[in-house]
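So the structure is just underneath, and the comments pick up after that.
As written, the chains take the letters A, B and C, and residue 1 is the first residue of each chain.
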Amino acid sequence: MSSRLVMRGMIGFYIVLFFVYLFGPLVVMSVTAFNTPNYPQAWPFESFTLHWFSALAGDDELVEGIQNSLVIGALVVAIAVPVGLAAAIVMTQIYWRARSLYYLIVVSPVLTPGVILGISTVIFWRDLTTLTGLKFFYNGIFLATVGQATFISAYCMLIFLSRLQRFDRAQEEAALDLGASYPQVFFHILLPFLKPAILSAAILAFLSSFENYNTTTFAILADKTLTTVLAGRVRQGTTPAISALAVIIIAVTLTGAITYEVLKRREDRVKAKRLQKAAEEERGGLVAIEAAE
Amino acid sequence: MSSTVGRIAIVLLPLLVIAVFWAMSAMERRVAGHPGERGFLQRNGAAISLYLILAVGIWTLLLIVLPQLYMVDFSFHPKLPPAQRGGERDVYTLENYRYFIYGSTVRTDQLNTVHLKAFFLTIGASIFITALNFAICYPIAYYMAQVAGPARLRVLLLLLIVPYWINEILRAFALRVIFGVNGLLNTGLMAIGVISDPIDFIGQDIALYTGLSYAYLLIMVFPLYNAIESLDKNQIEAARDLGAPWWHIHLNVVMPFAKPGIAAGCTLVFMLTAGALAAPLILGGPKSLWFTPIVYDRFYQAFNWNQGSAYAFILLLTCIAFVLVVLKAFKVSLGEITR
Amino acid sequence: MSADVELDRVTIRFGSFTAVRNATLKINNGEFFSFLGPSGCGKTTILRTISGFLEPSEGAVRIGGRDMRGIGPNKRPTALIFQNLALFPLMSVAENIGYGLRVRGVPGEARRRRVDELLNLIAMPGAGDKLVSELSGGMRQRVAIARALAVEPQVLLLDEPLSALDLKLRQHMRNELRNIQQRVGITFIYITHDQGEALTMSDRIAVMNAGVIEQVGDGRSIYDRPETAFVASFVGENNPFEGRVVAAENGHAVIESPVGRLRGRNRRAVSIGDPAVLFVRPEIFALGSGHEDGSLESEVLNVAFEGNTTHLFLRGPDPKKPIMVSVPRGAGSSIPEQGSRTAIRFDPEDALVLPAGSLARE
């Protein structure tokens, strides 16, 4: 028994170590955001300051980068979610012999390094826009959106596919049998079923876009996003202002994650209660049947 | 072959493949189709059919297939000023690849040691980091999937998701704060007297490799966790009852079961590491070698896009080769690892 | 309104596999009609063809005299109750029941009235706001029926809808289904592999095997006068004795089987030399020896006391399938012991000689 105890202790120790590795650097970085030296220094902690946060607000380049990131993120959501949905639906309908080729094509962006997606997007669209005279489209925001949408659509498709695997085809047939037209089946049955997946896909798409660097840095051309501005700053030299920004991002993520968790727990509780009630009624119903016979 | 013909072929080829499959499906349907099964248009209605075809068509052709083919084609052309493109000097050539191997577009007497070394070092280090991350993450994934209770599991998942969404530049930056010459690690070590002069973690590439491992740690955890989670606890219990030692259970019960997850994690981590740009830029020292920044420099320092395309294509081929090797070694299908 | 359904030489192929072969029958207006057969016999394929999810490769389906070819499932006067019910989990009970009316553009007020009516019919008044996940198995069943009835179909198709319920509830739902059918008076077409369900509920039954309709008739005629070896072996317990016909006269035939010569009625006119099967139901057997070609002797392998009857299992010609004999309580004779040899007899008037054919597997 004691060897098992030792094992447990070791596992516990390992988990703690793992999370120290995961969070340690983030914590250290966060501490530097509140320290006065103008080099990010966690220790010795000289004195507490919020100076680095106020420095952020006046940073026009950074603000512009964030604005662009938000615009690109919204555009990517608007493209990737419907495209991923369409791709997943086509996957369920496609002629079976074409299915593996189709799948290979649509998941390939997930397995392709982001830099390559960025490069191919820029080269292709530079010549395409020149050729077709649509030079207007050859700009950083458009190209970054297109480059990111290439692989983020595939992420979304995978989310929809896994949800669709749990879809009961008989429901579509039932609606059809009751007289629904094919588009009605789509809007009344399939789309409501996919609603939670649409929401997760949208969140995932936005976050993936917002934090993307590899594809964006090639495709953004002369424009800038939050990540490209950050990369430039970090390469030039490190200042605690970047730590301050990281603190803000961590705080936002943390709030989001905790809110999600709380909401989910509440929903689970409601669901559990309803199921329990149904189970009780079922028992009651059976007793009634037995009594009647 | 003139280059215009080549470019037209690039556009026509995917369309041809689609047409061939279309024809085959029509024939198959006639010969052995399910009676009464509805065609695509009838099944979805005109409006939804149009949405599906447009969305998938534009995505696969304009965003995935054509740009990739175009980039490959581009890499076999010389760098020319815009006026001369499509002219008689715009011919197919291997000079961009020659440059990668010999460091010159014409001479072949001397190897391009800097780029070759960076390339092979990148692949080697990526494989090493992939293996390292697997070793670090496997116990955690196993613990979460099989040992932890539901309440603790939720907390652990929450703890993992938060750093997952901090972008990789900030994560690299966090490590720089620690590993820098005036970083926490050096100041700490000097304060307790272990060293007297700061260690150049960045110049020694220690920071770089740690940063890469750190950046893609969670990419490994989630596929492993998903795969191990679906393993029936009873199987492990049964093996334990039979007296199998713990390492034996992991090697012969858990890992074979989690194969698709292991393959998925390894493929993604390798691809991301080999294609990493932020960590090498931020954590690499002046003499650090990594392939992706070299590709970046071809574009935005040397302004030779054709050469950059060639380098990108080499990286792409490497990743494809790695995926194929993993699929073969683990005997899993592409569908299994991208779930 | 109700309608008859006619299958006219319907053949359905999936590639090279023929799921249904040359099915011809007429289901009458207002009838409770069942297709009975083992899984994979093609009964579900027939149902899906009537409802319009499949089209026959050859032949025609007519509902109320109208050829249904080219008419989609959403345009046919049929409603289907799925094996798993396929209720819409994201809609309330009322929304489920009213769905068919909604897609037909029936306005909200009329729709609500009709839904209330149906909730009363299925004895669930006031349950309209519940979610499907809150319902018990039996309630779901009833909601599925109400949903199908809401669109006032001329024919209701049911694909083994009771198979997911436990025994008690299943028996209860049989009565209820039959009641509903009599109240609404439309044609019910029911698919099942459970002969008890088919026999208790149906006006007529079609027994299917391997894509072929073997026999159509009411429950009694299928049980008492099976026309093929498959029907005889599939419907009810039966003891087959395979052999070759050695005599055939006066409406009787005698076969030479491994346990001796046995005689039975020859309603299918087998002639001397034909391979044939003689069937004797367990309750037809009596203990003790009798007429030469109406009795046999064998070892008792097992005795199972079941209250009002006792089942004896005797070593038969097929070692894997013992001969089953039911002895009612109070039959007068003492029950032989396990391991002993005993003689049993039957009246050849109650035994049946049929042409050899495939037998149902247990």
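Throughout what follows, a residue touches a chain if its C-beta (ideal position, glycine included) is under 8 Å from a C-beta of that chain, and two chains touch if they have at least 3 such contacts.
None of the values given here were measured: they were computed from a predicted structure.
Asker: Would you mind checking which pair of chains has the most C-beta pairs in contact?
Answerer: A-B
Asker: Could you say which chain's mean Cα position falls nearest to the mean Cα position of the entire protein shown?
Answerer: A
Asker: Just curious, how far off is chain C from chain B if you go by their C-alpha centres, in Å?
Answerer: 58
Asker: I'd like the Å distance between the centres of chain A and chain C, where a centre is the mean of that chain's Cα atoms.
Answerer: Taking the mean C-alpha position of each chain, the two centres sit 53 Å apart.
Asker: Indicate the whole-number Å distance between the mean C-alpha point of chain A and the mean C-alpha point of chain B.
Answerer: 17
Asker: Would you give the residues of chain C that are in contact with at least 2 other chains, written as numbers and ranges?
Answerer: 52-53, 72
Asker: Give the residues of chain A touching no fewer than two other chains, as numbers and ranges.
Answerer: 181 - these are the residues of chain A that touch more than one other chain.
Asker: So which bits of chain B are touching at least two other chains?
Answerer: None at all.
Asker: Could you pull out which chain C residues touch chain A in their complex?
Answerer: 51-53, 72-75, 78-80, 82-84, 86-88, 90, 99-100, 103-104, 131, 133-139, 147-148, 150-151, 168-169, 172
Asker: Write out the stretch or stretches of chain A touching chain C in their complex.
Answerer: Of all residues in chain A, those touching chain C are 168, 170-171, 173-181, 184, 188-189, 192-193, 274-275, 277-278, 281-282, 285-286, 289-290, 293.
Asker: For the complex, which residues does chain A have touching chain B?
Answerer: 7, 11, 14-15, 18-19, 21-26, 28-29, 32, 39-44, 82-83, 85-87, 89-90, 93, 95, 97-98, 100-101, 103-117, 119-121, 123-125, 127, 146, 149-150, 153, 158, 162, 181-183, 186, 207, 210-214, 217-218, 227, 230-231, 234-235, 238, 242-243, 245-246, 249-250, 253-254, 257-258, 261
Asker: Which residues of chain B touch chain A once you look at their complex with the stated criterion?
Answerer: Residues 17, 21, 24-25, 28, 40, 42-45, 47-48, 51-52, 55-56, 58-60, 63-68, 70-71, 74, 136, 139-140, 143, 147, 154, 158-163, 165-178, 180, 182, 184, 187-188, 214, 217, 246, 267-268, 271-272, 274-278, 281-282, 292, 295-296, 299, 305, 308-309, 312, 315-316, 319, 323, 334-335, 338-339.
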